[in-house]
Amino acid sequence: MTGVLRPGHAQLRVLNIDEAARFYRDVMGLVETGRDAQGRVYLKCWDEHDHNSLILREADHAGIDFIGFKVLNEATLDQLERDVRAFGLETERLPAGELLETGERVRFRLPTGHLFEIYAQKAQVGNGLPNVNPPPWAPDADRGMAPTRLDHCLLYGPNVTANKKLFVDVLGFHLVERILGPAEAGEPEIGLFLSCSHKTHDIAFVEYPEPGKLHHLSFRMPTWERVLRAGDIMGMNKVPIDIGPTRHGVTRGETIYAWDPSGNRFETFAGGYEPYPDSRTITWTFDGFPHGLDFPQGKLHESFLTVVT
Amino acid sequence: MTGVLRPGHAQLRVLNIDEAARFYRDVMGLVETGRDAQGRVYLKCWDEHDHNSLILREADHAGIDFIGFKVLNEATLDQLERDVRAFGLETERLPAGELLETGERVRFRLPTGHLFEIYAQKAQVGNGLPNVNPPPWAPDADRGMAPTRLDHCLLYGPNVTANKKLFVDVLGFHLVERILGPAEAGEPEIGLFLSCSHKTHDIAFVEYPEPGKLHHLSFRMPTWERVLRAGDIMGMNKVPIDIGPTRHGVTRGETIYAWDPSGNRFETFAGGYEPYPDSRTITWTFDGFPHGLDFPQGKLHESFLTVVT
Amino acid sequence: MTGVLRPGHAQLRVLNIDEAARFYRDVMGLVETGRDAQGRVYLKCWDEHDHNSLILREADHAGIDFIGFKVLNEATLDQLERDVRAFGLETERLPAGELLETGERVRFRLPTGHLFEIYAQKAQVGNGLPNVNPPPWAPDADRGMAPTRLDHCLLYGPNVTANKKLFVDVLGFHLVERILGPAEAGEPEIGLFLSCSHKTHDIAFVEYPEPGKLHHLSFRMPTWERVLRAGDIMGMNKVPIDIGPTRHGVTRGETIYAWDPSGNRFETFAGGYEPYPDSRTITWTFDGFPHGLDFPQGKLHESFLTVVT
Amino acid sequence: MTGVLRPGHAQLRVLNIDEAARFYRDVMGLVETGRDAQGRVYLKCWDEHDHNSLILREADHAGIDFIGFKVLNEATLDQLERDVRAFGLETERLPAGELLETGERVRFRLPTGHLFEIYAQKAQVGNGLPNVNPPPWAPDADRGMAPTRLDHCLLYGPNVTANKKLFVDVLGFHLVERILGPAEAGEPEIGLFLSCSHKTHDIAFVEYPEPGKLHHLSFRMPTWERVLRAGDIMGMNKVPIDIGPTRHGVTRGETIYAWDPSGNRFETFAGGYEPYPDSRTITWTFDGFPHGLDFPQGKLHESFLTVVT
């Protein structure tokens, strides 16, 4: 319990910024909150209070530039910076304002090759509801798929067990679930679901030869009924779906995996249980993992292991 | 509105009667209500009142022996018998008691090759709730997948438009939705969803060269949440799933298709709208049908067109 | 099975036509489809196809002018007109067009004092979805409470058993559930839930000394989750609620009772089972009825018996 | 973020231990895990891993003996003990084993008069699912109301703002929502909802003249549909309901309040949003609070303010 709060922002590379902005704003139903001088587009989920959680940057190939976690305060930021350095990673400070309405960020590269950031400040713009006597939801809750928040991301790269060490020993995450490789390979840990809260995961990693890859960015849906509604909207908009709707065995979550117009996979995710730091870790064997991925079907959808950006 | 009420019973061929009985009783959660001298096993859904809706018969190949619809009364039975004969089909009377607790049945072979029956009497054994001041559900509502009723069946065979003529002109069904074949084939009607009520379908047919085939028998689930629970139970019991959970475009229903231990496909089905005889028919073009089958994915799962028993 | 299809329209008296139109259109989320020379406002639920199901008429006191059921065709209309006369009631023909886009209506006064109509024609304006390859819902499905259809009404007046005779013997309804009066009064039938379909009720009556009163007009919600969403919208708009959200024991339906700005009670209703003409009637004793009204609470909310318009 | 994890156990006084054990085990659906030499009965929710979360003690009047929060480890326990003493409260150590399978507890009396405990150890007995390749739920998930965990409690007593100071400044909770008293009284804080996690509340307090009172103990339900199922079970078992099912404005949670056989109020609670320490506090004015209690009805149910044990 180091003061790391939650995934606060992620920057995606998209092939066409206008098409991507339209997709995340009008089809997914995020709220566009700004554009910067570089042409980046900033969005947030309707029920988030901070200024942005998704930043889109036009590039010639899709993928994730970086993921940032909000921490409790500046003191936490400073302490974690020291701890990460002590762990042996180089860190970099990005100045306040480099991302719109966002304070100074401490950035470092994970063993899996991903750029990871922590920051303590982001301007609060609210969720469209008053702070006094609020109704339970705002009109934006019915616009597009309307996820409530950025939930987590799953990243692919090499050396996931080195990531585990960093997240558990330094950043204070707990290992909620894990996937093992084949018995003939000695059952190495190839999938790790880590939480800094009592969510089933705030970040997850899967072993993959190429560093810095994105498997999916996940957005939170309030109910299984709203996951289906999201699926309906995907059908209406010809959004290509990878898997679902279905239930994960891993996390017990309810899910659809689909692709944005640039080919970045995203998830609409509901449910799941609430683990605590004192919970035992759940293990999925390689043979058991098909049910971990798609509990009803027990099917190891090939694309889960192979398609990343 | 001829007095045909609903699909009342279906007899399935299963490869191992004990395994099949165990599956439908313990995994699907039906109530076993009897066995007869031939060794057939009789079951009903918990919220059905009549003695049986599913009859299992051991055979060396899977499939459906016959489907039976309950009609309002004996006068309706007699009238429909005359009407079916006038339409040009031969009919046969099966004596009361040939099926347990079931009255005389009038049987005829559909143009698609299926044996179809109508009957007016089946002993009512109740749904486990009192007729006075009942609670909304019985303990059996939580046992297994626990469908509430036999909902409909989808049958494959040749000459579906001849079936349509019989069901619409003689038996009083209305055509709720239909699927057309490819444009290059002149868009023939290859799928027909027919209702004798305000359900989206009480019976459906798809054009197929081989007569008398079963695509699936469908069981009603109260909600989308209970469809997922059924999917969980399928996962727990390694029941092979064909498609789902997902939403059909056709009927808007929420669905999982899966296979029983003999390879007969069944469906756990919820939702759908409520058409009336004055509703316009909805048409799915061949190119549009992938969304008709799986609205979110818009995917023409190959097995839908090819795997039958 | 006489060819009576469903409740097709109801005309409500409202104290302020603009306020009422605004309420039913913007808060309840109905679609306004027209106004006539008399100043009446016509609305329909998003998933209804006929031109109107709710007509508002400004008057100095609230209540219901009439309820109309659609029948299969003109022949049915003529036959039922004859049957109703043979039963001993006078009937009146209202000309086509007296209600916008609606054919000739046969009107008669029920023993309970209500004006009841049957008609065979109403122009179809559709539900906002195409007839070819439609998505499962239209944007209007998220506007306001967004019921899918007019479901039923509950009317209060004297002589409900005379109504029962008319509806069962002449109009072809079946008695799905009934409420009995106190044992000391000999358990008279004081509440009757009648269906011309496999809905749990298309119309219902409760014994009351004053004739022609409205208890509530009911609108269909697709799910229990959408009943809560309707309740949220009631809260946001300070719509006064009578009872709910809760489950009825009667019909098993999920419900909220609330009042429109004129004091007419309406219901947002989901769920319920599907009875058929061969179902046994369920009986609620006077002592058991509190659970029939509000199954969880088992509470006889006083207003149910006393507040009508 | 001091290392306080969650409400881990509560000890209730019940008037008849056998009746109470039967109620919590068979009607609520908790799992009985032990009885001790004093005759206390220990229970847990099916999805909890620790040995017990509810302890029942027979007494001549109902109410709560104490509530205990689990903390991260022994070091946290020691530190918080020091911090609480530094705050000015006396603390007491209860020996390991005084509660079955539970380690040493540090107990102190809150300004509102309640006994509050923290502890670091409780034996893990698991949730009935394997740690390797688990299905998403166990058979106990369908037994009785089947809450997944003890969620929070609402306690009544004097000096709630002193409690706030303790919980925020010493124990590391954040103030998620608050209720103000009447304007004429200067809008004092009379209700406080405090979280040590990203639940909307782990504990709550309402100002009340008499110290040490229990308003309700809350149990977590996975969905709104399961809240209704709990309500059905209450109806079946004639469990007296106070309020609901409905939605709270406060926390947005979905709820039923009801009473156990001894008159202790409990809640079946689902939904709610997920606040973090950096979230702004939501305020309910005295006039706005009726919607905070029952958002759809906007009704200040009298019993909320007056009935406690």
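Just so it is clear, A, B, C and D label the chains in written order, and each chain counts residues from 1 on its own.
Keep this in mind: a contact is a pair of C-beta atoms (placed from the backbone, for glycine too) under 8 Å apart; a residue touches a chain by one contact, two chains touch by 3 or more.
All values reported here derive from a predicted model rather than from experimental measurement.
**Student:** Answer with same or different: of all residue numbers used at the interface between chain C and chain D, are over half used by both copies?
**Tutor:** Both copies touch with mostly the same residues.
**Student:** Farthest from chain A by Cα centre, which chain is it? Let me know.
**Tutor:** C
**Student:** When B-C is set beside A-B, which has more C-beta pairs in contact?
**Tutor:** By the number of C-beta pairs in contact, the winner is B-C.
**Student:** Would you kindly tell me how far, in whole Å, the mean C-alpha position of chain C lies from that of chain B?
**Tutor:** Inter-chain centre distance comes to 31 Å.
**Student:** Need the CA-centroid distance for the pair chain A / chain B, whole Å please.
**Tutor:** Computed value for the inter-centroid distance: 43 Å.
**Student:** Which chain B residues reach two or more other chains?
**Tutor:** 135-137, 223-225, 232, 235, 247, 249, 291, 295
**Student:** Does the chain-touch network form a line, ring, star, complete graph or other?
**Tutor:** Looks like everything touches everything, fully connected.
**Student:** Okay, in this complex, where on chain B does chain A touch?
**Tutor:** 224-225, 228, 231-232, 234-235, 238, 241, 244-247, 249, 254, 256, 291, 295-299
**Student:** Along chain B, where are the residues that touch chain C in the complex?
**Tutor:** That would be residues 1-3, 5-6, 47, 49, 70, 72, 124, 131-137, 148-149, 197-199, 222-224, 247, 249, 252, 271, 273-274, 276-285, 288, 291-292, 295 of chain B.
**Student:** Touching residues of chain B toward chain D in the complex: what are they?
**Tutor:** 135-137, 142, 223, 225, 232, 235-236
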